[in-house]
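Okay, so subunit A shows up in both of these, paired with subunit B first and subunit C after.
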Partner chain A sequence: MARIEFKNVSHSFEIAEGKEKLEWAVKDMNIAWEDGTANALLGPSGCGKTTMLNIISGLLTPSKGKVYIDGKDVTELSTRERHISQVFQFPVIYDSMNVYNNLAFPLINVNLPKSKIKKKVMKIAKILGLIDYLEAPSSKLNSAEKQKVSLGRGIVRDDTVGILLDEPLTVIDPKMRGELRRQLKIIQRELNITAIYVTHDQHEALTFADKVAVVKDGRLVQIGSPHDLYSNPESPFVGYFIGSPGMNILDAKLKGSTLSLNDFKIELTKDIADKIGIKNDECQLGIRPEEIISSREKTAGTIPFEVAIIENMGSYKILTLIKKNGSDRDLRIKTRVDINIFVSKGDIVYLKFPEKYLKIFKDNHKIY
Partner chain B sequence: MKNRAWYFVIPMMILMSIGAFLPLMVVVNYSQHYIFAGSAATYVGLENFVEVLHDSQFRGAVSRQFIFTFMILLIEIPLGIIVALALPKKGFWVAPCLVLLGIPLLIPYNVVGIIWRLFTQSDIGVIPKIFELLGGYYNVTLDSFDAASTILLLDVWHWTPLVVLLAYAGLQAIPDAYYQAAAIDGANSWRTFRFVTLPKLRSVLTLGILLRLMDSFKIYSEPLLLTGGGPGTATTYLSLFVARKAESYELGYASAASLIYFFIVLVMSYIAFQIITRIGKGGKVE
Partner chain C sequence: MAIRIKNVNKSFGKHLVLDNISLEIKDGDFVSFLAPTGSGKTTLLRVMAGLEKPDKGHGKIFYDDVDVTDIPVRERNIAMVYQDFINYPSMTVYENIASPLRVSKNKILEKEIDRKVRETAELLSLSDLLKHYPSETSGGQQQRIAIARALVKDTKYIFLDEPLANLDYKLREELRGQLKETFSYNKKGIIIYATADPLDALILSSHVGYLNEGKVLQYDILDKVYNYPQYIEVASYFSNPTMNFIEANLVKENDDYFLKVTDELKIKIDNTLKDKINKKEYLLGIRAQAIRSNRQTKNDVIIKGTVELVEVVGSDTELHFKYKDFRLLGLSQKIESYQIGNAIDIFIDPSKFYIFDKDTRRLVYRMVGEK
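Showing the complex of A and B:
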């Protein structure tokens, strides 16, 4: 168990290829994962998450910067010397061996006595619920069980300091996905192991991790608890990326305590207006679809929108509303409404933006 | 016939039966007769088979054949894997390497025989010359060991590239994650090869082993052209033996020998297939 830390880590694949023009897969990354915590790295595909994992596990040596495990510089150490284990996107099993030998593989590699190996494998198999499969050929398992075996190979060693999960649920049957996700979380808690879970699926990240780092274009955008990320996004990107659907980000103009959008205005109370760093400037307004109050009835302070798309999500509906004002820049906004609210395309819905949920961004940073 | 697709298969079935099934039945028929050139055949039942099985020449050919095939597999499969592992995985050199390797495969059997005959001819050949310069002795037409090992070398030269190409294709298909996982699990390079590479090559190697097994059992043109089966019977493999008998108009006997020969190839292939597909599937916890 250990604390894993990045100091100024940058990596470019072009350096190894000897190209002049560099593109950074990871750029100036400073981040620490505390001992025994469940963490997630969340970001869109191709943002450098997997590169970060490979740098931690030592499959890649970063072009710049240092990696520390428990304060010790491990940048130059091999994968084996770091005692990191990794679970890959698709299950990696040694399919010529049975489940027992798969789990025992890392222990046999370090020449542990047979009796000890058996004890440890049995313990891990019990935790993973694989006891009944030990003699089965590993190629006969289903994908979730295979993924458990590959996780098991990581945690069977005593000296494992951390476990890296690289989108481990991608190829798992949707039915078993939720089950396996819960088990992963339970195992992490039980073993109190430092885990880093990489995914582009916010749902997986938010349910697994105590602390989520959002990464974009190789840079750290925000790090915090799932709740923090949801209710206090530091940038429009995080706001939009977390939550489904993401936060509505609307261009606005602030003048005194009045926000002008498209063809309507929102008056802010003086308290809030004072807290905002800017007075008269362009900015962006953010609000989550589920925090907008929508109604069919026109009341004071509501703004009319036309229904453009209705998505039925089972227990709720997502409405995409549009406000045409003759210009080419129609305002689009998504809201979440109760399943019992019946609207059809072209209807008018009246929206109210509760002040306490409003977020204001300027130059990609939150200013309120 | 509910499925109309069968109607489209029928012409092919007819062709197949003319091409393969009928000749085989003719051989089965011949094998039960004494046939003398220019006279009627006499039915003798299984006598030909008994005679073949008791013939020391036939037994000699069979044991020579087994040794030959065993050596072929023992050399060509590991060598093929080693060469495939040594080939570049990507970059400029991939194409030239593969083309160079593929050249022997493009040469017809009898041309290979002629090429090697020129290599080994005692007066003008390059191989005897090299042996002579090194102070050794080499003669394909007089020395049994030289003849047999030359045929073996010829076959290795001719067919190892096939195993290389198969293994190379198999290697390219192994995802990196497997090697990464093995590295993380602390496997050394031998154990990585043994538990990652080799199992992943299983299907292509199965194909390679079966192809080489069947093909080496059928070796004919090369020894015919290079040594003519000699010296003595040193390079008389099964196909040569059968052909000799047929050439001397012992058609009944040759047919019986052919059928036994055919049966041996079939059984060997089946056994090999069973062994390969059963290796390393599951097993008890010790």
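Showing the complex of A and C:
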């Protein structure tokens, strides 16, 4: 089991190609994955997350910086010497062998006695729920079962210290994805193995991991538990990316303790205005749909919006509301309301923005 | 009836994919065919659109009471959107959207084409991208271009085959909302939408058909299918996340009858229910939304659960827990942390129970309690 750490890791593919103008796929990354934890690397395609994975496994040596496993510098070590296994999008198994032999293969390769191999294979098969399939030809398995065998081959050796999962659900039938994802998580817990799950899908990242690192343009944007990322986004990007629907991000102007948006104003208490620190400047206001108080009745301090879209989610509704403001762009905002609130398109809904939930961003960083 | 299909069979080789399907669809309906992969929904869509024909002598299809069974797709004035975003890579977004108008049999004036392209682009938030090529746009934008091509023609019949399936979570969420808005302007047209995602069906449709092994198991207005699923299969699939099912037995205690799971979790069977519930075993269905870690109503049933797994889904938290020998799933409508292995109080709203017959798999009764 292992703690994996990056210290000032940067990587540019142009160095190996001998080019002069360098682009950095990974930029000065400092991050640690603690022993026995479930982690995710989350970001859009091309953000550098797969490059990071290849640097961890040793397929790639970083242009700058060091990689440590349990405090030991492994930057120059080969993939084999690191004892980290990798599961790819497509299951990697031998179709000609049965499930037992597939799982036993990595152990046969290191000349383990037969009795020990059997014990180990049975243990892994039990954890993966493959006991009934051991004699089955691998070619007869469905995609989820194949992916489990693939994973089993990665973790069957005792010296495996970590497992990297590179979008492992991509080829899995949609209705089996949730089930396999939960099993992966249970297996990770049971083996207490350090796992890093790479995906562009926040749904998968948040359901699998206890700690999620959000990566954008080769940089670490924010790292935290799903709860941290949800309640304390450091940037509008994370605020919008995490949560469904994402955080509302609204252009605003702060003057003294007054926030001006579109054609209405929000008065902040002096305390908060002081903490924000800017006195007269453009900023962005962030608030989550489920944190806004919506009502059909007009009361003091509420702001009227017009209903544009109603999405019925079964146990609640998501309203998309607009506020027209002359020639300016319409202000659009989403709120989550009780299933028993009946509204139609064009109706007016009155909103209140509780101060305790407001976030203020400036230049893409949270300032309050 | 705007689209009527009558006793349609469709086989591929020996495999019967559609099994005697009859449906009637009215103007203005947004119909979702919901089913897991391989249940025949894409085939049904293709047969309705005319891309496939029903088995010879087994079924007829009518558009506005005209038999179109043998009319080729080109002559039907339909539009189709596929799962893979199909656009012309060498044309700009503008030309892509204009293309269906340019091949139209009746010559359309350039001025009119321009007006329609811009209007449709505006509707799908593509106005800023008109000069770009599809490859320069995101997956969500590419699918919107394909949808714009379907809408620009003013066709009455629009077929969409899992248009959101290949998009990632956030884009799916965004485009779903946008589709809802876009199609709310299309009051007379008919939208037929195939999907494996219960959320699509829930948010977009006016009517839902659930397909199972080539048959339509239930077809009705959205509210009926979602709130009164007639079969275990429909209830299980058309729930997001999936519905909990627990075995319950009919027992007599003192002079009262109960449908009983455990001493805490039981339903009193009063006189009005006695006729309906008289077998020994039933399945109790409870949606995850009715199971929470905080009190919902004053009548809540309280049980002790052991937390097994916690998953953050969107802005909700799915709570997987064990109660005696049962593994159950609850849902909290916020992001919450729970310690794995902890015992916690779980509150179940008894007015949200569904009772299914174990043998016929049909809905017997749905509890409706006071709020």
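Keep this in mind: the second predicted complex is superposed on the first by the 362 of 368 C-alpha atoms of A that agree within 3 Å, B and C clash if a C-alpha of one lies under 4 Å from a C-alpha of the other, contacts with A are read in each partner's own complex, and residues count from 1 in each chain.
Following the convention adopted for this analysis, a residue touches a chain if its C-beta (ideal position, glycine included) is under 8 Å from a C-beta of that chain, and two chains touch if they have at least 3 such contacts.
Note that this is a predicted model, so its numbers are computed, not measured.
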| item | value |
| --- | --- |
| Clash or fit, subunit B versus subunit C on superposed subunit A | fit |
| Touching partner for A:Ser260 - first (subunit B), second (subunit C), both, neither | neither |
| Partner chain in contact with A:Ile318 - subunit B first, subunit C second, else both or neither | second |
| Which superposed partner A:Phe88 touches (first subunit B, second subunit C, both, neither) | first |
| A:Asn8 touches, of subunit B and subunit C: first, second, both or neither? | neither |
| Partner chain(s) touched by A:Arg153 [first = subunit B, second = subunit C, both, neither] | first |
| First (subunit B), second (subunit C), both or neither touched by A:Ile186 | second |
| Partner chain(s) touched by A:Asn98 [first = subunit B, second = subunit C, both, neither] | first |
| Superposition-derived minimum Cα distance between subunit C and subunit B (Å) | 7 |
| Touch list for subunit A against partner subunit B, complex | 57, 59, 78-80, 84-86, 88-90, 92, 94-98, 100-101, 105-106, 109-110, 114, 118, 134-137, 139-140, 150, 153-154 |
| Subunit A contact footprint on subunit B (complex, rising order) | 175, 177-178, 180-181, 183-188, 191, 195-196, 198-199, 202, 279-286 |
| Touching residues on subunit A, where the partner in the complex is subunit C | 173-175, 178, 182, 185-186, 189, 200-204, 206-207, 225-227, 230-231, 241, 243-246, 288-290, 308-316, 318, 320, 336, 345 |
| Residues of subunit C that touch subunit A when the two form their complex | 36-37, 165, 168-170, 173, 176-177, 180-181, 184, 196-197, 199, 202-203, 226, 239-241, 287, 289, 309, 311-315, 318, 320, 331, 333-337, 340 |
